[in-house]
């Protein structure tokens, strides 16, 4: 197991896509220390910015794991593109965590910057803290959203979580910002608490479940029915009742938006249409 | 009419022709500074605050407070919507959050207005000192 | 500076040199008879191929539509970037590279002259600003004139000479090189969301037909004595059945031809060679077009080859681009330009497994192989419409090797494969023919005297490829051919080595060529013209022309008109 | 006395190029054809706030120094920075912007232009949806339906309506100016009658005018050009419109999406959207479908209010969808005279229109990450060059706070809030008055900027200042490379 500890409080952005189990794999501590990393506009070696320690272990799974302790909120692109292995972070971490991830697992005990799990294809990201905007969303101009894998957030998330999602699962046990599941096509997003406005805007398919309050439903969604329960994933079903809205009409969408009936009494005027 | 000492409003910021004209004269010009340290309000809202036009008011948001001069809006009615032209005064109280898109929130910010007849509208220099302190290296 | 390239196999079709081993001497940026052997810098080209620098007759590399494409597609370039080096600027690539990167990547392939085919006159300054920032190559641009109100009005009234004078004025004012016609009349109709369907449709509000525009401008081109022909993007481009329109377009000016000289260039012909009633029944019209072209000498074409990749389509053909948006559902940019033209942009992914795309791929190659005379058809992708210019080496491989074609044929949509004419074509082009299709023929069609050949006095724009024609069999070793054309051993521009060992070694600004068309009675900026200016455009006539300071290196070419 | 014709006005994105200036003894004394903003600039630019000497901060005070010293200090700051920002660019020439990009690349900095705080969100949405647009002349010739949404041209682009849209004369559409005059006359008469009635019958206060529940007037069905304004408050522009729709603050997105549904004839479950009855919206949607050529101009009212880029996303989608039925185009109302040029030059050199980060030696772009406000809010930069902009006056306090902690270089003709807090101040000439160049109109039409008069003695152009800094930075880097 490799443990990394920042040697200082970073002031400039640190671009660290080299922190990736696939890259660390089969490298000696010295080789890891020599990996290229950027701090601001200067290229450095990983060892200049992080203390690298190797804890020998025979357990092959543990051997592949990278643990990072400390404040990494300036450190971007950790685990980007990773295919296997595990990263465990104790502390806050910067943008693009696990971007284009294809496998493995990242666990963060702290808050995470924007574009976590952006364009993710497979694997798991578990965040015990809050996440900024664009969780699992694609890069600017791209429609390649999350295609698979699972993101679990125990805190709150910012705007546009799950934008352009094509498959996979995002579970948020806190609140979500605006435009949750924007333009999603398939997959599932579950928010246990409240959602900001415009949830499901322009969605074409997929499922959004909000267990808490949603200020208003977009006028381009129509009420379909009231459901007693809704399935989140294999083996997990949440009890309702839920208002089920279908939309977004403007995209001729057939996305499903489930909203807790109990937490959204202001929507009961829709019931007259049922 | 009941007179509230505090009024909950929505703050908009934006361009005015006066601010535009002033800006071209120079950002230290009197025209510019006078055109941006004001707040346009619905006359009914002024009444609700119990103040006359040209009284100083304090506008507060989650991000700060600033004293500006209240002016009667010529384009009423727009109850509970106030307007401050772009400039150093407005920026004390706008929402810096960009939500990952690079752009702070300059319009539609929840705010509170209260009369502040005894507090002065600061000059640009005073405002800069108040907000940023003296520049020293 | 003197330079001597020794012992290379030289391909210089214009001067009748076909792979002979000889030396090429260079002095002060020109090819010369000989240089001082002791003083000159020497390149040992033994076992390599020496050709004139590549010439591209049609590639969208600069100007408002190209740049809108760049702006539209961060996702196209964020993974393909070029770092700054000691001599080069940084940039981004893939289908619409930034300007510096465009220049470097052309240079890497041994190209030295490129033609930007679509310049809205009102926005010509923009095109020239970008061209000036495109290093390593000489370049020129064609103003879009087929829907310009002045042209429509003069031609409607039969005032050919008056029309010619104004065309001369606008070519010179916009620092342009040739008359570009895109979907004649269709773009004006697109102003209100319409289009034209045939050469004889009336253009709304202007009482004139596409046929009259094409014929009129063809006559104008002759009157003005321009070095290139009219450069035509046909009506109905991209629609099933449009090979008929392409044939009619070529036929409609047949009677104007003299001396067996080309008078029309049909560009990216692949997109105009669709047979069939709809997309489902689409098939190749390449054979019909090739038959016509083989029997006539007034036409040149370029391929507009499709590559299976993600790219960005961009043309001045607004209605066509809208159709493409409807077909693909991809993001869409439209940009109509007052009194002149329009433009559209849609990202597009050509898929091997798509029937239509595979047919398109086949059509481009069929055209190039079925047209017998390589001086009549040139290698292009209509960059970036069929694919980025960086894929030219793959096309060279397909043209030179039946085996290469078969390798791709195996992977394409089976129905398209069964309809493709390619399995029946055995022709494999020689290096000489490739040299014609990628430089000599293009330069000749463009009327560029100093380009596309290595004769005495020619510009010393030279490409050296690491290929030995005596030992390589391109038919079998097409991968090696592809690799060699992808990265020249040396690229020499203006007599200076600019690219070698896989790196740009010198950043060099190329010239912008433009026509200074002299007419006996130039169109004057009269009060009447001023008035029309105010009515037609939203800028003052003083601010309309492109002044020479917009050209990093200005290279005017004098043209004596016959009017 | 000389008269200079066809001058391009360096104020707003309309870039009117028909200005006539009278110059006497090297001073502009008269402005013809310009609006109030234009006149104010040409007549008032050379005010007492003009900077006339380079300044450097020494012991808290800004003191006058030579150009050599000031440029040397600026170059040193940039060459030594680990993450510098170079910001502004929208009020200078494309030629200067081009040099700025070269400088940013050389020093490995983040270069950003003011679109980040105006139409940045519009660009982000264009990158997702595209944009059906055109040049302004196309609108002048053809548009019979003109909509301004969240934009107040009367104040921000005063000649826009008369030069390019509702009140301009085109080949296929005439100006609506006469109709407007008649309407004004009628409204004056109506107001007189109303006030007389009030005086006679009520003697009380006037009843509240009913703008918010403003029904579409029958004149909306008339032939010829129609002007619709949609905004959260009744601006001056709204007063000249054929129809004004007042939208609840922060509800533009809902209204736009509702229009998208209505033009497809889809039923909506609710009766009002954003405070406007759906039946009124249906009428407007109908008008949009039936027009021959429609245009939607949008301003910061859309980009800055809740939803930001998604408001634009919806507007672009609405207009794109309308092209199924008719010709419809859309255009952002760009503010600074060359903000479009800044986007344009940035894009052709780097592939990206703003917020470009060169710290890794190649262009990277991701607004929210590489945009200047975010860099400042995260307190990541250590030096800043500000040109032709005043971020201390324009940025939210939290961003400006970190900016003034940076080593700060300002290039500007005037003393402004940012310059007051700078470490190096480099006085420049006014582009488009004292220096030439190129600017791009909001519709991407490039226009030449003229040098009409000489700058004050010893004042350099933005271009020249940047060229000198760049040369100095290269010298420093070369020296450093030789030392190591």
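Just so it is clear, A, B, C and D label the chains in written order, and each chain counts residues from 1 on its own.
In this text, a contact is a pair of C-beta atoms (placed from the backbone, for glycine too) under 8 Å apart; a residue touches a chain by one contact, two chains touch by 3 or more.
Nothing here was measured: the structure is a model prediction, and the numbers come from that model.
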Pair joined by the larger number of C-beta contacts - A-D, C-D: C-D
Innermost chain, taking as reference the mean of every protein Cα atom displayed: D
Whole-Å separation of chain centres (CA-atom averages), chain C against chain D: 36
Whole-Å separation of chain centres (CA-atom averages), chain B against chain C: 57
Geometric centre distance via CA averages, chain D-chain B, whole Å: 21
Chain B residues counted as touching two or more neighbouring chains: 99-101
Multi-chain contact sites of chain A, meaning residues that touch two or more partners: 114-115, 133-134, 139-141, 178
In chain D, residues with contacts to at least two other chains: 124, 127-128, 306, 358, 360, 365, 367-369
In contact (per the touch rule at the top): chain pairs: A-B, A-C, A-D, B-D, C-D
Interfacial residue positions of chain C with respect to chain D in the complex: 62, 64, 67-68, 70-75, 77-78, 81-84, 89-92, 96-100, 122-123, 125-126, 129-130, 133, 191-193, 205, 322, 325, 330-339, 342, 345-346, 535-543, 547, 550
Of chain D, residues touching chain C in the complex: 5-6, 8, 17-18, 94, 98, 102, 105, 123, 126-138, 140-142, 163-164, 169, 171-172, 292-293, 320, 323, 326-327, 329, 343-345, 347-353, 358, 360-365, 438, 440, 444-448
Residue numbers on chain C that touch chain A, as the complex places them: 72-76, 78, 331
Residue ranges of chain D in contact with chain B within the complex: 11-12, 36-37, 40-41, 44-45, 47-50, 57, 60, 116-117, 120-121, 124, 152, 154-156, 158, 208-209, 211-212, 232-236, 238, 249-250, 300-301, 303-306, 308-309, 335, 355, 367-369, 371-374, 377, 390, 392-401, 404, 414-417, 420-421, 423
Chain B to chain A touching residues, read off their complex: 99-101
